[in-house]
Amino acid sequence: MAGMVSRSDGRRPDELRPVRFTRGWLEQAEGSVLVEFGSTRVLVAASVTEGVPRWRKGSGLGWVTSEYAMLPRATNTRSDRESVKGRIGGRTHEISRLIGRSLRAVIDYAALGENTIVIDCDVLQADGGTRTASITGAYVALHDAVEWLRARNALNGEPLTGSVAAVSVGVVGGEPMLDLCYVEDSAADTDMNVVMSGTGSYIEIQGTAEGVPFDRSTLDRLLELGADGCAELTRLQDQALRQVQGT
Amino acid sequence: MAGMVSRSDGRRPDELRPVRFTRGWLEQAEGSVLVEFGSTRVLVAASVTEGVPRWRKGSGLGWVTSEYAMLPRATNTRSDRESVKGRIGGRTHEISRLIGRSLRAVIDYAALGENTIVIDCDVLQADGGTRTASITGAYVALHDAVEWLRARNALNGEPLTGSVAAVSVGVVGGEPMLDLCYVEDSAADTDMNVVMSGTGSYIEIQGTAEGVPFDRSTLDRLLELGADGCAELTRLQDQALRQVQGT
Amino acid sequence: MAGMVSRSDGRRPDELRPVRFTRGWLEQAEGSVLVEFGSTRVLVAASVTEGVPRWRKGSGLGWVTSEYAMLPRATNTRSDRESVKGRIGGRTHEISRLIGRSLRAVIDYAALGENTIVIDCDVLQADGGTRTASITGAYVALHDAVEWLRARNALNGEPLTGSVAAVSVGVVGGEPMLDLCYVEDSAADTDMNVVMSGTGSYIEIQGTAEGVPFDRSTLDRLLELGADGCAELTRLQDQALRQVQGT
Amino acid sequence: MAGMVSRSDGRRPDELRPVRFTRGWLEQAEGSVLVEFGSTRVLVAASVTEGVPRWRKGSGLGWVTSEYAMLPRATNTRSDRESVKGRIGGRTHEISRLIGRSLRAVIDYAALGENTIVIDCDVLQADGGTRTASITGAYVALHDAVEWLRARNALNGEPLTGSVAAVSVGVVGGEPMLDLCYVEDSAADTDMNVVMSGTGSYIEIQGTAEGVPFDRSTLDRLLELGADGCAELTRLQDQALRQVQGT
Amino acid sequence: MAGMVSRSDGRRPDELRPVRFTRGWLEQAEGSVLVEFGSTRVLVAASVTEGVPRWRKGSGLGWVTSEYAMLPRATNTRSDRESVKGRIGGRTHEISRLIGRSLRAVIDYAALGENTIVIDCDVLQADGGTRTASITGAYVALHDAVEWLRARNALNGEPLTGSVAAVSVGVVGGEPMLDLCYVEDSAADTDMNVVMSGTGSYIEIQGTAEGVPFDRSTLDRLLELGADGCAELTRLQDQALRQVQGT
Amino acid sequence: MAGMVSRSDGRRPDELRPVRFTRGWLEQAEGSVLVEFGSTRVLVAASVTEGVPRWRKGSGLGWVTSEYAMLPRATNTRSDRESVKGRIGGRTHEISRLIGRSLRAVIDYAALGENTIVIDCDVLQADGGTRTASITGAYVALHDAVEWLRARNALNGEPLTGSVAAVSVGVVGGEPMLDLCYVEDSAADTDMNVVMSGTGSYIEIQGTAEGVPFDRSTLDRLLELGADGCAELTRLQDQALRQVQGT
């Protein structure tokens, strides 16, 4: 049935856009990846520093946090820089917090030791799904940063308790769809972001009725699409991480 | 079964805290309410101004937006004022945006005409659930502001397409619970906010795994608790709005 | 003679508006009061923290400071939040400083010990005299915070060397008047705030010619009205503080 | 009796410091003066622009406002610049507002026509009394700016309804004194600023008990000293303004 | 002789790093290029908007401006975001202004018509020479944005009066060198940026003695190296622009 | 030949404006000078503090930095204060950094010991060349601050390794000229600032083509004019510093 609906790019409703991970895109970051969900491109850098914020010192526990931003011309029309405006907008704050929470759900702080990993997600080009691409790529960069620490014997065990992936789902023209691109997202009645662990549990769900409120059966169908999409992304992350980097 | 779990304040797992709406708490606002969910107290003011923001002028459509804030000593220890810090924090932004979206889901902009309603939700005392109390109270203040406009023949029809209520749910000590107070919220493994229309459809759901990721059956139980809680809040809103104000 | 002038609310020129103190309005603050001068309502919270700002550490002396703010819809038309504007206005700064100075005039820092008391005065509804209501209420909240410290044996003696009350006076339509409400304040030629100790000495006087400069005899009459008003407020504070709280 | 008290600079208690006005210190400003009260030096510039702020347009009325600031090394130890800190402090705001109010008390807006005069008072060197020196100098610069407008036939009559001068008074070591320098001001129990019209009426009085509250007789003595000081400053302003500028 | 000096990457003193232009890196910008000078990578986007800033309206003249920024992990250790700090640093301002001035030197505003081109230069990876790579890439993006306008018949002639390229030169270990990478730049005694037109004239020169002041003969040698480097960059720009884009 | 060109103030193309140094203009600063280049007047204060910024502590090295600003009415029309705007503009940043770099080029940090000297350059009146007047005056104030330290035996040798002076040069109406005043600067095709040591070496050169790019022979002529101007300024600094201060 899904195959009968035509999407702007010819995908089936339950089909992801082409996903690509280019690990090690930055030469100096402890972990980095250029993640692409179709035309959406996010440069993710994981920066490791010894030590933790003051409020956590001496606890033996590590810390992971994240910042998200968009380049001014990532979108179809240029936006003003938040640095120029002198303040960070609500949307930016909200997404940064979401990415940080999502990653922290799979971190064992004691195993990480008193190290801090900051994950920067900078959207170079935006075509919908920038927050879910960021989370999905952030896990890959986080993984590499953890390996960097492991190679230096700086860990107290395995800090990653699992993997994390995220995807958007939504109802467009009455049809539930996976991984919305910008034109679909703009037309969506309901928009939902699903963040899941590699074992298929929920880390975060955020669903919003853009137009009319949605009922339980729609919610169920979206959750199902999201679970399938996250499972496929988990497979792709795994595949990317199995490749030997730097060869 | 729920009755067997003891909550800090003796409630059943599926029981709301005492909810109180004091309409007209402010003499000058077009709509206002002091809403209480147990010890959580939020002063909501709805301010009507003729005209709309510049980007909407001439459209014939109205606008509804919201701002949320907490007094410095609403909480157990004093927080610095955001005005003194010179910037609004991510949490404040996020909640302001959530309240605005939730209200806009039940607004017919054409019927509102080119009028703007700003809903200020100021938390005077916080004991968990400030965002859901804000949304639930905001609907009441919005309703009164709409009546104020109606009494002045400033509407083009009925701007309210429904009502909106919100409640928090979460898993505490392995048990799904409704309307968490602060100590419960701090101990929750999973925390979810459910915003629903008076007819029982979803306007927004936001669920976060604070500890371990949660599975689908937990999600289903939380959605059910949230739906029941919102239905009860809808009933209480309705009751408050049937009282003749100012007598 | 004063009785012959009609004020908007029927008061005599030398008459205060109804004054009400609701102590313990906040459950968590060490001292708190909802103070009302007619329709002006200020929520005052006194927050105690152990220790003093860095520049005072090791001195054995305590510290008392204050912050004043208005909710956006405290007034007849909504004002933008200072947190949203990203800066605190001159008026807010000025009043915060005035309240702090006024309270510090009755504090013995050595007896307070190295404790800090921050007094937050948030105007929930404004109808003139918000700064004088704030000071008058702030003394009550400060008193309760001091009692809180005393109950914990955290004082080195009696930190309160006296009480403080404040009232506005002004010349409206040629007539000196006490405790101006908003419409009177807007029409005043001369506007003065008088802050006095419970024993009738001056802590601060600020008088401004809004229209034509005023002469010495007007000044004398205003000082007299202010002294009488402060004496009455001192009596009302005393009465409120004699009530056993929490019963 | 006053003559028996020794001041740090040998003055009598009721004696001003040497006061000097250097008019036209700036070549481009419509009015300017370097005013000196002893070692306190303030550069005052009056800038005229055609038109008024938006909220006043079409009213036929002019506008006068003022900004006060201190150079970082005006004082004994260097202070951080407010431009670098990114915000203006409470003291700066308060003094800017005081200067503006004081000048507006002697302005007839209708006679000024829709012209704006901005008075900048920049303290180059501070030795106490910077706000009163600023006001006293500001009147001189304002006067010259008004003459500049008159020479261009841009007035609708005489915009200056009087002159304004200001001086500080205080109680130091139990002795009321006029025009406190920095070391006296730091040691003062009571500190008062008196702003008066050339005809001896009050424009603004601000008195603060720095230590113990003060009684009525002290207040009366300070008001008397301030009135005498302002009268002398009025004479000196008059003398400075009678000199033909630029010769 | 130059060949005898060993550089960290084996280059001759007068040799550029490998330079690469990837035009059209962004799908939505009117002009874009990923420019690489060795490991330095700058993403340049040229955004065209109809109309000009207010102060230029009705003049018939266009406008070109630029903004420069660095991603937080472009460098070896992570830097805080300027958006988070709430203010743009001096270095960022300085470079943005330099890029804008450099481009405006080859623009005929009348031919551009009332169009604005904003050039964003975002450094994705930094290894020295980010400002000169930005300018050199910015010309390429500007060129493509002009072509975009030409294809829409939105020009009044040829807005580009020439091309512009830039390169850094410096004295490292006593030896004048071209196009310093980060380690060379850090060790340089003298550091100079040369911006030149395609015809070999100077648009901007900025030379700084990091250590000891430099004499005229050193300056002459640096100018010569810079001229040769810019000539080579001009050739490479030309070659990149001759390639048919999008095939 | 130069004598044949007429400048607005009658100077020869290679002639400086009258230059004046009034040392000790501030009573409290460790070094200070009012420097005048014609109508351009800059008040320079050098503030000494024991100790260095945190990142330099324990190094045994001193620190010198600078801040530049303009009073709002230094110019022909009033500018908004940067403190009021809440942010420092790019131009201000750029000049502050230039002054700091220029002074640091003649400082031996080890001889300075762990002392910090902050140089504030505040433009009281601007008529072109404010940055070069600032640098030239800053050296004089720096010199006096160093003498102040020497008199207190707080140095580890001679911290000044040379002197520094700066002047602007430019091409106006096709003619290279020295020390441009504002009207010349506004009309200049090419504008250059030259900062040189007292022994005639370059510390910084910044040249900008305001109109058409300039060729090498123009550059050579400007460098020559600048060198002659700096030599003359060095002579005048020397003469000012030979005068016994305070007599």
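Each chain gets a letter, A, B, C, D, E and F, in the order it is written, and its residues are counted from 1.
Assume a contact is a pair of C-beta atoms (placed from the backbone, for glycine too) under 8 Å apart; a residue touches a chain by one contact, two chains touch by 3 or more.
Predicted model only: the values in this text are computed from it and were never measured.
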{"item": "Chains contacting each of subunit C and subunit E, listed by label", "value": "none"}
{"item": "Rotational angle, Cα trace of subunit B fitted to subunit D, multiple of 5°", "value": "120"}
{"item": "Chain centre separation in whole Å, for subunit E relative to subunit D (CA means)", "value": "51"}
{"item": "Centre-of-Cα separation between subunit C and subunit B, whole angstrom", "value": "33"}
{"item": "Mean-CA-position distance for subunit D and subunit C (Å)", "value": "28"}
{"item": "Whole-Å gap separating subunit A and subunit D, where each centre is the average of the chain's CA atoms", "value": "60"}
{"item": "Per-residue multi-chain contacts in subunit D, two or more chains", "value": "86-88"}
{"item": "Order in which chains appear around the ring, subunit A first, subunit E after it", "value": "A, E, F, D, C, B"}
{"item": "Subunit F contact footprint on subunit D (complex, rising order)", "value": "26-29, 32, 39, 43, 45, 47, 49, 67, 69, 71-78, 81-88, 92, 118, 120, 122, 124-125"}
{"item": "For the subunit C and subunit D complex, residues of the former touching the latter", "value": "87-91, 93-94, 96-97, 101, 105, 162, 196-197, 199-209, 212-216, 219, 223"}
